[in-house]
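Listed next: structures, encoded as structure tokens.
Here chain A shows up in two complexes: once beside chain B, once beside chain C.
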Partner chain A sequence: MSKSMIPVRVASVRDVAPKIREFRFTAVDQALPAFSAGSHVMVEMQGAEKTYRNAYSLMSDPADISSYGIAVRLQDESRGGSVFMHTQVQEGDVLNIAPPANLFAPHWAAKKHILIAGGVGITPFMSYLPEMKRRNADFELHYLYRSAQTGAYRQQLSEALGEKYFSYDSDHGQQCIVHQLLAQLSPGAHVYICGPESLIEAVKTEAATLGIPAGIIHYEEFAAPKPGKAFTVSLASSGQQIAVDGESSMLEALEEAGVEVANMCRGGVCGQCVTGVKEGIPEHRDDFLSAAEKASGQCVMPCVSRAVTDSLTLDL
Partner chain B sequence: MRTAPAKLETFRDDFTYTNSKEAIERFPFPFPEDEYAYSVNIEPHTLPGPAGSVNEFLFDIDEHYLSEMAERDLVLKENPKRCLAMPHMEPACWDFIDRAMTTMSADYPDYFKLEKNGDQWHWQNLLLKLDDTFTFGDSSTLPCPPMEYMGRQVQGDIALLDQRDGDLFLDAGIVTCPADWSLAFDAGMSFKEWHGPVPMAHEMGVFDRALKYLTAIPVDRPVRRLNWTLTVNARMDTSPETYPMWGAENRSVTPENVGEKVYLRVELQVLDRMARSNALMFSIRTYLISMDDLVTNKDWARRMHRVMKNLPEPLIDYKGLTHYHQILVDWLAKYDPVN
Partner chain C sequence: MQTNADKPELTLNPGVKSRPQYPPVSLNPAAQCQVFIARKNTTGDKAGALLKPLMDEAEKSEKSLNIIPLVVGEDGDVISMSQLPQTISSLPLASSFYLAGTEAFIWDVAKLICEAGFIMEQVHLLPPVNNERRLFCTHCYAITEPVTHSPAVCSGCGRHLLVRDHFSKIHRAYVGVQIDAEDPADLPEESEELC
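On to the complex of A and B.
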């Protein structure tokens, strides 16, 4: 894993909303790779007791790779990563990141793009917008936020986008009526959502009610692994036993024990970490495996999933 | 050991193509075991690979460079539809140009030179005697469309796959040395559609797994696999479009001429994420070796016999070996001590 990481220097840190902090990264010894709109990077943070790894959308213009931008929301129930970024990381620090990958690219053949951002979910769209302008793509941005906590960049977005920009500040009682938004969808339009699970679910449910095909609804949610009960992982090859405490994910426990598992999004989406299960029953929490694969119990995604049984024997 | 691009050889008519001793030594022999097993067999293409090997650089330039570029020119003149790019693939074509020029000028500084001054690029291909200045991203500043321009300067076929809806679509490419598939026919198809004719693998779920893996490939982390078939005569262009030219040659193999007529055809397939467009570049670099040259390596000769002998019937059919498979197995038997 470490071989494929890119060191970056924190060139600037600034608050862009009450609970959102923006970081600019520049190259240390190798140029930053170009990236496409909607890409994310995994950022590695060396904490005092453990290493945190979180995926963040790149929010800078893909045409400018002199630096990368990410924005981090201080999570109310942080598992350590966002607190670390907010309290420990300072200008001049060096962090390691994985090269950009994209699980949320715009569907460029769409006639129109409806972007729906919730809070810090504005970040992937910050990389979409300059690219859409360059390609003369037709789009609308609907930005839902709570000004007491989030709502980063709304002034600049409002000025830059004009009548393509719609904002909804729920701290001032402004609601986005998803039904109205989707009912007016023009033929050939695609919808993109980035935000909390509740927003994604609301749009998906409303789309289903209106008979909108699921294929034109795209969403990205990096759900942090949720805690659960503690269990033990056994490695089939060596018999090694690794304890997974209630707060850590299986992937994190494996990594702490020095076991390398390929991974990318760390949020149950990309499928890189799929691992075979020899014994025990997994508790699937991912958005990647099919229902049949989950039911078979023969594989698990250790980035978010856990165990129903007290122990799980992995094919590692 | 890599040898420099040399004299012009032909892949048609008089078939003057030959491999030097060095080219035989670095040939990517594709069988890791005696029994050929179907698998996705994808592995990281970590660069640079072993010095002198076909895996050393992203684009392998070898002694056949000039010959293959001349052959490509012949194919494109006969049928310009062997190169195409749908309008939405323009950014991906420029990604391909960037990736090829940037790596080739760094990997082969004696052959290729690139100077970038903002978006003003100066490219020199000393092998093909090209010297071009253009504005990066502006196709009107190139002498021909971007896919064709760069495709005429790299060995092997190139497909650019658009990624959307968790699938890959064959929306651009230059394909003049295919192992019996047609770019014009497959254009616009999804991953499973263009793999439709492959036997057995669909049932095994190979394509579901491969697709999930491929769509998640990040920037700057290429992967590779080897694919193989057999070809009668050193013919690069075994395409459906030209089938009348080569189809009947499958019946020309006799016990006397197997060694010189039958070639093992290996494709080094590399998948590389295009940074700005999020397209996936699929390069198919083809290597040909005659049976006579192959059996100069005793380990290859023995294994070739065992793999051919145990090849499942559906694969013999799919790879078009039906007419001469048994003749080949019989000929190879003398190199396998078990027989």
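On to the complex of A and C.
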């Protein structure tokens, strides 16, 4: 790993929604680093067959670093990480995490913050809220969930936020009309979305239709890398061949083989893992490279992207 | 201690370019409100002429756009700079701004727009109508404008300032550094017209 990992102890585990489990981490031998609202950590999980590395938003108050909190949704199409967290991790266990990084910080200069959470996407906002209160920031939280699966912390949020809180339980037919929400915004408002891609797309599309500038819409999606067909990676420097199976990401396969690649979000958004391509055609799945860069085929984001060709030679 | 990054700042080399670029502006028809702001010009209406094609296009759009022309000046028939913030803050979020005038003017208005909560993505700057610059003295912090030649005499401290091509977005002015540090009494011979 390019960053030194921090061992943490699992201090508590509890279910906060039918499919969401909350974990509290405390320090083992080194103090937990400070973090800012919107940060995430990458958690390393030693499975029997392979090591999983997933990024999770810190959902605890940035002012309190006696512990870190994360909440993990059991993913229906999990490649293992969330299943591991739900079934294997217990109180007292020690896990390794990468120090917090922030790709989703609030724009504090905004006059009003509109937070839109979908399901487990509530987590980054859990770290925003105490900070927003301290700064006396104007905000609204719009929380979309399915009570049969998600909807963690809604009781607590509704009590703490009062009229700043709006909830939409789609299992009870409650719908958030994105158009209405956006149409009433005034200059100085910034919108933050964390949730599934469909929610992010819906808000972006509606904003574009309304003529709302894209620059006030901020979002974070930790799309777990989706499986694909197997291929082989060769390293230009050494000629080493590394097999990437259908279920693993290229980044995971490289790490498994002991090859270090800088990374942060592991979701194709931060740009850290960009790697040159010498031969072969990448199948781009990231949100970082521009259309022109993708078309050039000269670089790839191995955290999410794969290969069209049977092999890909990387500039490593 | 001087870092490498600072070095070019301290040389008297006007070739270090950090001047704003003014790429061609096109209409953003997605914005419901189209706001055209020009400086009232006493010598021909160059600013108005720059905005005209964009306004024409906005008028022809099949979407019924709300077109707001604002001419800024001092006389009664126009809006004054001090009234501008109030007018801007009454505009909807879905606004697109097109600014024309001197370079200092367009950046002043851009700042007012951003202070009202809009973002630079919504602000389109047309190329400045002339070569007039606002000059910020790095010695006494006074502002001198308009400046069309370099070196220029600082209105605050009287130093002869080399007008650098470095535009400070904070001061919305070009940075001027003393040219005759050795002997302030020695007037530079050449004066160069700025572009």
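Just so we're on the same page, the second predicted complex is superposed on the first by the 314 of 316 C-alpha atoms of A that agree within 3 Å, B and C clash if a C-alpha of one lies under 4 Å from a C-alpha of the other, contacts with A are read in each partner's own complex, and residues count from 1 in each chain.
FYI, contacts are C-beta pairs under 8 Å (C-beta built on N, C-alpha and C of every residue); 3 or more make two chains touch, one makes a residue touch a chain.
Quick caveat, the model's predicted, so the values are computed rather than measured.
Trainee: Should A:111 be classified as contacting the first partner (chain B), the second (chain C), both, or neither?
Mentor: A:111 contacts chain C only, not chain B.
Trainee: Going by the contact rule stated at the top, is it chain B or chain C that touches a larger number of residues on chain A?
Mentor: Looking at chain A, the partner in contact with more of its residues is B.
Trainee: Could you say whether A:271 touches chain B, chain C, both of them, or neither, answering first, second, both or neither?
Mentor: first
Trainee: Report for A:215: first if it touches chain B alone, second if chain C alone, otherwise both or neither.
Mentor: Touch partners of A:215: chain B and chain C.
Trainee: Which holds for A:186: it touches chain B only (first), chain C only (second), both, or neither?
Mentor: second
Trainee: Name the residues of chain A shared by its contacts with chain B and its contacts with chain C.
Mentor: Of chain A, residues 215 contact chain B in one complex and chain C in the other.
Trainee: Using the touch definition from the top, list the residues of chain B that touch chain A in their complex.
Mentor: 88, 95, 98, 163-165, 212-213, 216-221, 273-278
Trainee: Help me check something: in the complex, which residues belonging to chain C touch chain A?
Mentor: It is residues 28, 30-32, 89, 91-96, 116-122 of chain C that touch chain A.
Trainee: Which of the residues in chain A end up touching chain C in this complex?
Mentor: For this pair, the touching residues of chain A are 110-111, 185-189, 208-216.
Trainee: Note which residues of chain A are touching chain B in the complex, please.
Mentor: The contact residues of chain A facing chain B are 4, 33-39, 62, 98-103, 105, 107-109, 215, 264, 270-272, 288.
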